[in-house]
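The structures come next, written out as structure tokens.
Both complexes shown next keep chain A, but they swap its partner, so chain B is in the first and chain C is in the second.
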Partner chain A sequence: MLALVARRLLTAIPTLLGIILVSFVLMKLAPGGPFDGERPLAPETRAALQSAYGLDRPIWEQAWIYVSRLVQGDFGPSLVYRDFTVTELVAQGLPVSLTLGGLAVILAMLVGVSLGLLAAIRAGQATDKAIMMLATVATALPTFVTGPALALFLGLWLGLLLVSGRGDGVAWLIMPVTALALPVAGAIAKLTRAGLASVLKQDHIRTARARGLPESRILLRHGLRPSLVPVASYLGPAAAGLLTGAVVVETVFGLPGLGRYFVQGALNRDYPLVLGVVTIYAALIILFNLFADLIYGWLDPRMRES
Partner chain B sequence: MSLYEIRDLGIMIGDNRLVEGVDLDVRAGECTAIIGASGSGKSLTCLTPFGLTPGRFSGQVLLDGRDLANAAAAQLREARSQLAGFVFQQPLTALTPHLTVGAQLHEATTQAGGPRPSRSELARQLERVGLSRADERLDQFPHRLSGGERQRVMIAAAIAHDPKLLIADEPTSALDATLRREIMNLLDRLRAEQGLGLLLVSHDLAAVADHANQLVVMDKGRVVERGPAASLIAEPQEDVTRELIAAIPDLNEPPPRLPPVGDRQLVAEALTVSFPRPGWRRGTIQALVDADFEVGEGEALAIVGGSGSGKSTLGRAIAGIGPVTAGTIRWKGEELPERRGRSQRMRKLVQPVFQDPVASLDPQWTVADIIAEPLGFLRPDMLPEERIEKIRDLLGKVGLSEDQAERFPASLSGGQAQRVAIARALAADPDMLVLDEATSALDPLIGSGILQLLGELRDSNRLSILFITHDIAAARRLCHRVIVLDEGWIVECGDMETVITDPQSAVTRKLVAAS
Partner chain C sequence: MKRILRLRHWPLWTVFLLVGLALILPFVLPWSHEQIDWDAVRAPAFTGSHIFGTDDIGRDRLARLMAGTQITVMVAVAAALVSLVIGIAWGATAGWIGGRVDEAMMRFVDALYALPFMFIVILLMVIFGRSILLVFVGIGLVEWLTMARVVRGQVMALKERPFILAAEAAGAPPLAIILRHILPNIAGVALAYLMLTIPQVVMVESFLSFLGLGVQEPLTSLGILVKEGADDMDMAPLGLFLPGGVLVLILVCLTIEGERLRDVYS
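And then the complex of A and B:
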């Protein structure tokens, strides 16, 4: 177990490095630069700026400097938000994004698994069909539709919640978290139902039934855990996706999360900002996949062997 | 009065009436056994009254005075948890994979509302069914246990709450001979001491004759014959019963006539296979040590031994699908290297057939494709018409009709699937077949058909056969000689009849005594 974690963390280093280098090169290949504004800068000013940020050096040297600074925990300066370092921007945005993403994952799990469970128990009945139809709709609706729709109903028409920004308390979280969680909850409900339906046909369920256990105990103790294996394999990448998916939601609800910096950084060719955000996303994705693998081992001990 | 009484039981699944007019009694402290071919409705009869199959039933079912036929779901559940215990046929899948042995045993002990057992009580339950290192096993997950060990956990769990009736569907088929006997003795003791009633489905006629009081013979969903077990087995009245009993290999039957053996073909010298220990531990496991043997043309050699004795490892090494650590395998004097070193000509010499026929065939392929696959590789020059002709010929040889060529494995019965697997092996025109427990998963009638087919192939094609099994009585129907393996060592080797009548080692004596 510990060996697995250690090994996976070690292999994460070259993976991260690869991702950083590829994004670095791709970004430089894109036309335009951080100092292209509406008014062209005087050539001298431009050259001075370029050399101040080291952009006049060969690309491999720039990459090397970036990586060696990164190792020391320095994401470099932002080229567009001139008064801030990337580390500061990330420190501002990351907590917002993590709160949104984390709550969305929890909400999606709770809603998805319980609805999936309910549908599996009532397999073939009206409840099952209704839940599965809802789940399909939830998965199909993109967040840029559900987000504004929520804002319209709850914010504008009913006047219950703030349409944009944070305000006081935690009420501001309700709409963005719901919008984020909806499609994931739909997918989880479908996976749980399908997983449970196949697990309930297995021999060990008959053994549990032969013991005369109550149906609820058979479901929760003998059936649920193995049926969550597909959910775990979906949730690893999906959890990371919730943080990236937050770009749309953060924009719709005007929240200062990481996603917004990512989009603005990319549009402005703010190289260090984009790279910083990419690095963090990549690290999170690797971390979530590792979590998913550890959860497999808990869900089904047979998977610990390989 | 009976503990368990079934009158005029009929079982429907969907619109099919699968069981009809079955009467059955189990008295307290006694054992009633059911025998029958697969598909005769034995398992349905045992499980449906308790709501453990999708079937619906009619008739009268009384367990300890309670009416199961008119019981509501909750009462049926109570009958399962308090009065009955169940042992199912498939030990590999019958335990919940994510709960430890101890947790499942705990659940079984308290299912009837009994007091919470202590850890040592749970360990004692495992010791009762012959599991060593019981305390350690309480913390293990089922997949770390072998099939036999899991079956013993199943049995321990089924009797943990002191049920009045134990329903056991082939409880000992997965166990080796010695254990089979121990488990049956344990159940005898429980019957005598606690008045446990036992409803047993089994193919093990010797055990049935020794342990069962009543015997019920089923065929096509009906009872064809019933009576006291020992006398019914000794003097069956109905043809169905006679056929069934004749199909089950038995060491008391007269030895088969075997044709003479030809020239020496395969010679193995000092064959050794070792595997690295799993996990972090250093060292190796010796699966097979210094095995010397030879097989002649048209000769069938049995490899028998308990589970973990190295018999499959030996078979895989010979067939070129498993590793060889040291030693040589020669074919007519020419050395056979490991698989990668074998030329095309060498590869077609020895062909394998495996235990689970349905699982060893690709479900997406038709029977014709499966049989033709070796041809495509080993005989690329063959014309399509020749290939079709060859497939037809092979299907005939293994006793399948031509119209089965376009079917998929899932629609075949176990026996038909095993015949396809044999046809696939024969497609390469091999000189030798390696059969690893090829009849163990089949019911006796079908298994004896396969044994007969193998005998015909041995004689007409002068095929050499390596027959790996734990069932020495089945091997005797086919094989000239036998090798007995124990923990990787050959402990006995010789003529089949000599070994059976005068076994030299303790392991062989046990195997023979249990057959």
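And then the complex of A and C:
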């Protein structure tokens, strides 16, 4: 188990490095630079600025400096938020994004697995069809539509929740987390339903039934666990989806998360900020995939060795 | 053809109807999507010739909705075709050659699956300017992975079938076998996944446009319209509901139809 984690983390390093380098080179290819203001700078000033930021060195050397600083936790200065370093912005944004994403995964798992279970128990009946229809609709709901729609209903019309910002308490989490979780919950419900339907036809379930085990025990202990394997393998891609979703809900609800910095950075051409956030996102996705693999191994012991 | 006309294919009809309207209505409506009616700014629905009223600067909502649907559908079809071509080429090559090449190619796909590709696309948009062409290519580049996996699986299965072995034994060159014998046999599955790719693409395009990173004014798309509607929803909820509703309808219908088709072929 530990060996697996260590090996996976080691293979993650070149992947992460690759992403950073590709993004870095793309950034350097960009036309225009941070010093192209309204008035052209005097050549001496420009040269001084470029050497101060190390921009006059060859690109591979710049990349090396960037990566070696990154390892020490230094993402460089933000070009737009002049008073902050990218590290500070990331440190502010990350907890917000992690809270949103983490809660959304948990909510989606709870809702999705229960609905999928219910649908599988009532396979072929009206309940099953209704749940599956609902799940299909939910998977097709983009966060940038559900987010504003929720804000309009619950915030503006019913006046229950704050439309923007955080306020006191945890109520600010309700709408963004719901908007994020809906499509994931739909997909999980479908996967659980499909997984359980095929597992329930297998021999070990028939054996359990023949031994006279109570139906609830058969479903929860012998049926559900193997049928969650496809759900676990969906969690990796879902993480990428949640991060893009988080970009939207943070923008819609005015939350100071990573996603909002990313969009602001992208619109303002604040390259160090964009690069920093991409790096963090890549690391998060890799970590989440590892986590999903561990769950995978726990659900299906046959997968542990390979 | 007859089968498509059945009642259970209502999702497909709905999409066709919407696309048809989006293609025809701009020629019929008295307003274009960027024309400003100074006499009717923020007009409610059914004011004069504005069936759904006008937005906060007096542009006809229906005209904008149709223009936006047109662009969104166009981007979706083009980007889905890009992903189809890349996916089939990649998947068929890997599946046909097999062995180490296959393993390396599929590892690459697995690795890309785990990447925050969306963010690389955004990076591309920022750096190379936000042209609509880049939107096609960028989205196509993101969405070909599933297609490649599916096609590879199909090709692997077909490769061992007697008629393929026979064609090989008869000395047909590999490219001819792939084009003449393999592709026609995977067309159904490819169509099913193409149909499932389109909603994905629509989602990505609207996401980018919503953030201001995709399609740019004066062109409009459903994502831009949702954004405009969301900014003004306290004054005119219709501005959010119309494009949001059309977008969700297209997404839901294509997903239902695509999943049915996939279940038929798998």
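As a convention for this text, the second predicted complex is superposed on the first by the 287 of 306 C-alpha atoms of A that agree within 3 Å, B and C clash if a C-alpha of one lies under 4 Å from a C-alpha of the other, contacts with A are read in each partner's own complex, and residues count from 1 in each chain.
Just so we're on the same page, contacts are C-beta pairs under 8 Å (C-beta built on N, C-alpha and C of every residue); 3 or more make two chains touch, one makes a residue touch a chain.
Model, not experiment: these values are computed from the prediction.
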For this session: Mind working out whether A:R7 is in touch with chain B, chain C, both or neither, as first, second, both or neither?
Result: neither
Seminar exercise, completed: Across chain A, the partner (chain B or chain C) reaching more residues is C
Exercise. Of the partners chain B and chain C, which touch A:L156 in the superposed model: first, second, both, neither?
Worked result: second
For this session: Examine A:D203 and indicate which partner it touches, taking first as chain B and second as chain C; both and neither are also allowed.
Result: first
For this session: In the overlay, answer first, second, both or neither for which of chain B and chain C A:P148 touches.
Result: second
For this session: Would you check which partner chain A:K129 touches, where first means chain B only, second means chain C only, and both and neither mean what they say?
Result: neither
Exercise. When the two structures are overlaid on chain A, which partner does A:P301 contact: first (chain B), second (chain C), both, or neither?
Worked result: first
Exercise. Touching A:R69, do we find chain B (first), chain C (second), both, or neither?
Worked result: neither
Exercise. In the superposed arrangement, which partner chain does A:F262 touch: chain B (first), chain C (second), both, or neither?
Worked result: second
Seminar exercise, completed: So, in the complex, the side of chain A touching chain B is made of residues 202-204, 206-214, 221-222, 225-226, 298-302, 305
Exercise. Of all residues in chain A, which touch chain C in the complex?
Worked result: 15, 19, 22-23, 26-27, 29-31, 136-137, 139-142, 144-145, 147-149, 151-152, 156, 236-237, 240, 243-244, 247-248, 251-252, 262-263, 266-267, 269, 274, 277-278, 281-282, 285-286, 289
For this session: State the interface residues of chain C toward chain A in the complex, per the touch definition above.
Result: 111, 113-120, 122-128, 199, 203, 206-207, 210-213, 223, 226-227, 229-230, 233-234, 237, 240-241, 244, 247-248, 251-252, 255-256, 259
Seminar exercise, completed: Given the complex, residues on chain B that touch chain A span 50-52, 77-82, 84-86, 88, 90, 93-99, 107-108, 111-112, 141, 143, 154, 157
